[in-house]
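Next come two complexes built around subunit A: one with subunit B, the other with subunit C.
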Partner chain A sequence: MTGTTLRHAAWILRGNPLTAIAAAGVVLLIVIAVFGSQMVPYDPIASNVSQALMPPSAAHLAGTDQLGRDTFSRLIVATRLDLVIAVSAVGISFVLGAVIGAFCGYSGGRLDRTVGRFVDVMMAFPLFVLAMAMVAALGNRVENIVIATAVINLPFYIRFARAEVNIRRNLGWVEAARASGESHISVVLRFLLPNVLPAMAVQMSLNLGWAILNAAGLSFIGLGVKPPTPEWGIMVAEGARFISTGRWWLVAFPGLALMLAVLCFNLLGDGMRDILDPRMRT
Partner chain B sequence: MTQPLLRIEDLHVTFSTRRGLVEAVRGVTLSLDEGEMLGLVGESGSGKSVTGFATTRLLDAAGRVTAGRILFRGQDITKISDGDFRMLHGAAISMIFQNPRAALNPIRAIGQQIADAIQCHKRMSKQQAARETLELLRAVQIRDPERRMAAYPHELSGGMCQRVMIAIAISCAPMLLIADEPTTGLDVTTQKVVMDLLARIAAQRGMATILITHDLGLAARYCRRVMVMEQGRLVEEAAPQALFRNPRHVYTKRLVAASPTATSRIEDLVTDEEKSQYLAMLAACKPRLAPPPGTPLLLDVKSLAKRYDHGSPAVTDFSMTMAAGESVGLVGESGSGKTTTSRMICRLIDPSEGIILFDGQSIGHLAARDFHRSPVRKEIQLVFQDPNDSLNPRFTAFDCIAHPLLRLAGMRPGGALRERVEECAQRVGLPAELLPRFPHQLSGGQKARIGIARAIACRPRLLVLDEPTAALDVSVQAVVLQLLDRLRREDNLAFLFVSHDLNVVRMMCDHTIVLRNGCIVEQGESRAVFDNPKTAYTRELVEAVPHIETGLAAARI
Partner chain C sequence: MKSFGATMIRAGRRFLSSLPALFGVLVFTFLLMRVLPGDPAVFFASGPNAGKEEIAVIRKQMGLDKPVPNQLLLYLYDVGRGNLGRSIMTGQPVTTDLRNRLPASLELTFAALLIALVSAIPLGVLAALKPGSVIDHGVRLFCALGVCVPTFVSGLLLIYVFYYLLGVAPDPTGRLDVFISLPSSRTGFLMIDFALAGDIDGWWAAFRQLILPAMTMALFVIAPLARITRASMLVSLGSDFVRTARSVGLSRWRIVVTYALRNAILPVITIAGIVFSTMLGANVLVEKVYSWPGVASYALDALLSSDYAPVQGFVLLMASVFVVVNLLVDILYGIADPRVSIG
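== the complex of A and B ==
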């Protein structure tokens, strides 16, 4: 079973090199996140004022910042924090959103209407402002960034799961599961949700990129990870002050890291749909 | 006039797919005179629709005409430019499709859509187009056309939508109309009205028509000449009488045998040698024993009703009884409440009122949401209409059949379960090597067998069959019906057979109940109901069924 899945994944990747590249990029990001702090040439926090604001060179691949810290080391170390925030936020909103949405889509009726209006209200807010307000109210900590990012993502997952379950709830195999002795709850959790997963995996992958941007955005405006912790958003924010004096590397490299990470997750999304959909297997 | 209107010479159409090139049409040659109605009959995958699409240049991007010519009034239309073809399209060649609702634009009023089609080919003012639209709506006999012009497709019934499609198709007075399964999915009475209309319009306007259908009876009733296709080839061409009395090709023989008629019995649906096998099997089955006196009825339903919050009641005052091993047919058109009734009896939805006794024990009062825990759950099982959506796409065939055994029979994964699943598969004639496959890797007939194997896995006593063969080709239907009949005899199963296909119900069921608008119109022994209908509604239903024989009778007139 796993063998055929892997073979199928390999087949898809062969036919779709862009997905393969994106997958390789995501794997690389994960490796960097896990082992990055042991691989870096310099301590990302230790300052060295004599080496401040050096342009990229052989010694400092991405230059140094105003305190003489090595930008490349900071970029590498920041990967873990950015990924952890994004993955846990998306994970929370996916699990909650899928379950809530699936029950709404299956049952219809009052539950669906209540949750539906609640979601409408949430989506009427500018989401980033909502996240800002939550972090500001709850306190400037990593957990709160995760919670805020999860909450603003939740409406999308609820709507998505609701719609996908709703179109399947009257299909023969759902009734067949009931006739085979499944309760409503297990029909939703063990039959409908697994069938909705492929479509949601695409959404998740796209969302991961967005969550990284969101976390970086919060840090950028000062509502997130506090300096001197290395984080892409703060690095862009701090570097922005120096761009007018021509120190482009302080902004360009963290920006590039963000862009590449988001791009990889987005490209992987489409490829994942093909891998996870059993109908594509032949 | 010696030149035919349409002449197709040695047409080949190839589709490029992931598994390489597939030849869908392999050398079709036919010709059609002006004003003629030709029936193109075949099962799914026979290439009949592809032939139609090639003629109207509606093949999708993967399909290509690789060889042959299509001559329309002597001009090869496979060679002319797209621009020239657009001139022909609609004005000279027109097409109507299977699902009229899907073919109409849902956000445009039907009057506008007809006017669009007219103005596409003729330069005229809005008022003129509106006048012509009104004419067309009258021609297709839409009542109150002034008001209906402003209606949207969702406000009309399926039959009405198909009439609008016909109006669009004939709006520019085409010389050739290709009707691809124009009435599939419509009720028999609607089918008759729509087809009568189409035939009359074609005759009045001298329009040649190709009727593409899987229904031999329909082709027999309306066409002078019928062509049978199999796997991309024409296998036989004849007048309906000759074709159905003396089919020459082996495939045609099989097809004619498999099409149920007013008199055919289950065993007649196959060719002669298979028939003798089936009869031998029947003889081997022990005859059904009359239940000892005092045994409660298997199913006793009293004044069942279902009302939803909005609208008229779905079912009112439905009562019926069934003994063990008996088969009862539930017949009615769409919206008659037959599906709602069957779901209430299966205890998948709750009745608003009424009593359901199963084996003397009341099951109607148990809430449907808790019924999965009842010991009666495994006694009542279902076979679903469309085999394509009745299997979980993430389950293999094995998982599908094993599922009720795990949940209801208390079996655990292991050798015993495997044996039981294989036994069920064998009983429905599904080869064991197909069990690890996923539904999308199986054919419609194989999926139907899995659905039946799943339903009989826990050895239920009542099987509710919801249009079990409606989505299948006739030859597959014949095999599945025989299979069901055999299983019923072997296990002394009772069938509640829900169907709109009267021919099938007549063969399969001892008793028949006719439903209309949620009420029982008529019930009794199947033969009595069908041969001597007591109500006008049942008579109308019975007469609307296109039989090969009635087709022949009509052709003689």
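== the complex of A and C ==
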């Protein structure tokens, strides 16, 4: 079973080289996230002031920061934290959004209208500002960055799941499931949701890039992750002080890491959408 | 004229239906701010040695001893009278602070939107005219990369290139060099104030200060705008009326700009509205990078020092601007395509 699925996926990826590269990039990111802290040449926290603010060289591939810490090692180690924040945030909003949206789309009526109103209110916020306020309200911790990012993603998943379920609720096979005595809850969870999930998975991949940018933005303005923890957003914030004196590597390399991570997730999402629904191609 | 009236009615109806959302925002921020850590009464007290009694008196003055629903009603009453409270940081009423700082943010955001539109629409049109060409692929690549670079990184890199390497940009802090005298403030928009005062040197200085942050913000939103322009132009160029226009021998410019682009512009307006509100959020990051004295950096400073009132005021202001922008989009819709207002 899995063998066939994998072979099918491989066949599809051969026809979409860009998607294949993106998928390889995502796999590489995961490998770095898991094993990164064992592969780095230097301790990411240990300072060595005699080597402070050195430009990139053979010994320090991405230079060193104001405390002489190796930027390359810090970048590698930071991968885990950045990915964990983004993946768990998107995971939470995916699960909650799918269930809430599916029930709204299925039942319609007052529940649907109330939730719809709520979603409208949330979308009327500038979302980044909402995330900012939430992290400040809940406390300046990493878990709260995850929660805030999950909450600002939630309305999109609710809308998406609602629309997808809504167009299917009166189809024959749903009717048949109901007629054979399935409860409403079981119709939604066992029949409708599995049919909506593939489309939502695409949404999730596209969303991961956005979540990474959001979390990095929050730590850039000083919320959530605290120094000396290596994290891409905070590394840019620390390097920002030295940019007008020409120390570009402290900003450019974490920026590059962010860009590549987001690019991989976006391309993978785009590719998956094209495979799933060729008409959406732009 | 009749269609314009219909547009206004439609826009008015949309406006009324967005008021409950605005009210929701109001209540939601109020509740959110109640959860914030830190006791404002302690901040307002004379000093760190203030006694318990003094703090209790201040709590009473501020209404913090009342139950939360009563506080909410009081707050709504105050907002209704245009009183958003007082900032602990600056000691000024929040409305005054916001009024002083809003023009800076709006000037930046409008400049960014202008740059984005002026570059995205031609890019999208060029890509649509020759799908599959080098230009098309170039635009796609640019768009794909553009959405991946965080604004705070591109802002800092622009500073590096234009301030440090090339030396063409001024010191990237604030709206104006401290040595340049401010024009008599009429609108708060420096570009307009300098122009009204006839001060060309001042105008140029303000322009040079504005251009980098505006470009930073524009870079992030060119991608969605160019993408939608391309997609919408492709549909429009493939339609019957364009084929007819071609067959009667109209000039290429006229076909593309007058007929195809005008019919393709609606989705672009929609996305421009959405983009504007994301830019309002991104303001926080750009204003921080460039120490821009706008409302977003004000709210951020307030947030980091547990100062409720400015944050509430800021969120309310952002939501209101968002409502107004949606209203404008509705009106533009009617002007761009009179058929919309009939439905």
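Quick note on the criterion: the second predicted complex is superposed on the first by the 272 of 282 C-alpha atoms of A that agree within 3 Å, B and C clash if a C-alpha of one lies under 4 Å from a C-alpha of the other, contacts with A are read in each partner's own complex, and residues count from 1 in each chain.
Here is the rule we use: a residue touches a chain if its C-beta (ideal position, glycine included) is under 8 Å from a C-beta of that chain, and two chains touch if they have at least 3 such contacts.
These numbers were taken from a predicted model, which means no experiment stands behind them.
**Student:** Aligned on subunit A, subunit B and subunit C: do they clash or fit?
**Tutor:** They fit: once the shared chain is superposed, the two partners occupy separate space.
**Student:** Between subunit B and subunit C, which one contacts more residues of subunit A in the superposed model?
**Tutor:** Of the two chains, more subunit A residues are contacted by C.
**Student:** Kindly classify A:Pro55 by the partners it touches after superposition: subunit B alone (first), subunit C alone (second), both, or neither?
**Tutor:** neither
**Student:** Which of the two partners, first being subunit B and second being subunit C, lies in contact with A:Ser180: first, second, both, or neither?
**Tutor:** Only subunit B; A:Ser180 stays clear of subunit C.
**Student:** Mind computing the angle subunit B to subunit A to subunit C from the CA centres, in steps of 10 degrees?
**Tutor:** 90
**Student:** With both complexes overlaid on chain A, does A:Pro41 touch subunit B (first), subunit C (second), both or neither?
**Tutor:** It touches nothing on subunit B or subunit C.
**Student:** For A:Asp120, is the partner it touches subunit B (first), subunit C (second), both, or none of the two (neither)?
**Tutor:** Second partner only, subunit C.
**Student:** Between subunit B and subunit C, whom does A:Gly108 touch in the aligned arrangement: first, second, both, or neither?
**Tutor:** Neither: A:Gly108 stays clear of subunit B and subunit C.
**Student:** So, A:Ala137: does it touch subunit B (first), subunit C (second), both, or neither?
**Tutor:** second
**Student:** Enter the shortest inter-chain Cα distance between subunit B and subunit C once the structures share a common frame, rounded to whole Å.
**Tutor:** 5
**Student:** Considering only the contact definition stated at the top, list the common interface residues of subunit A for subunit B and subunit C.
**Tutor:** Dual-contact residues (subunit A): 282.
**Student:** In the complex of these two chains, what residues of subunit A are touching subunit C?
**Tutor:** 117-118, 120-121, 124-130, 132-134, 136-139, 209, 213, 216-217, 220-222, 233, 236-237, 239-240, 243-246, 248, 251-252, 254-255, 258-260, 262-263, 266-267, 282
**Student:** Write out the stretch or stretches of subunit A touching subunit B in their complex.
**Tutor:** Listed in rising order, the residues of subunit A that touch subunit B are 171-173, 175-184, 191, 194-195, 278-279, 281-282.
**Student:** Quick one: which bits of subunit C touch subunit A in the complex? Just the residue numbers, please.
**Tutor:** Listed in rising order, the residues are 18, 20-22, 24-25, 28-29, 32-33, 35-37, 144-145, 147-154, 156-157, 159-160, 163-165, 171-172, 227, 230-231, 277-278, 280-282, 284-285, 288-289, 296, 299-300, 303-304, 306, 311, 314-315, 318-319, 322-323.
**Student:** Using the touch rule from the top, collect the residues of subunit B that touch subunit A in their complex.
**Tutor:** By the definition above, subunit B touches subunit A via 18-19, 343, 346, 348, 369, 372-373, 377-378, 380-382, 384-386, 389-395, 403-404, 407-408, 438, 440-441, 451, 454-455.
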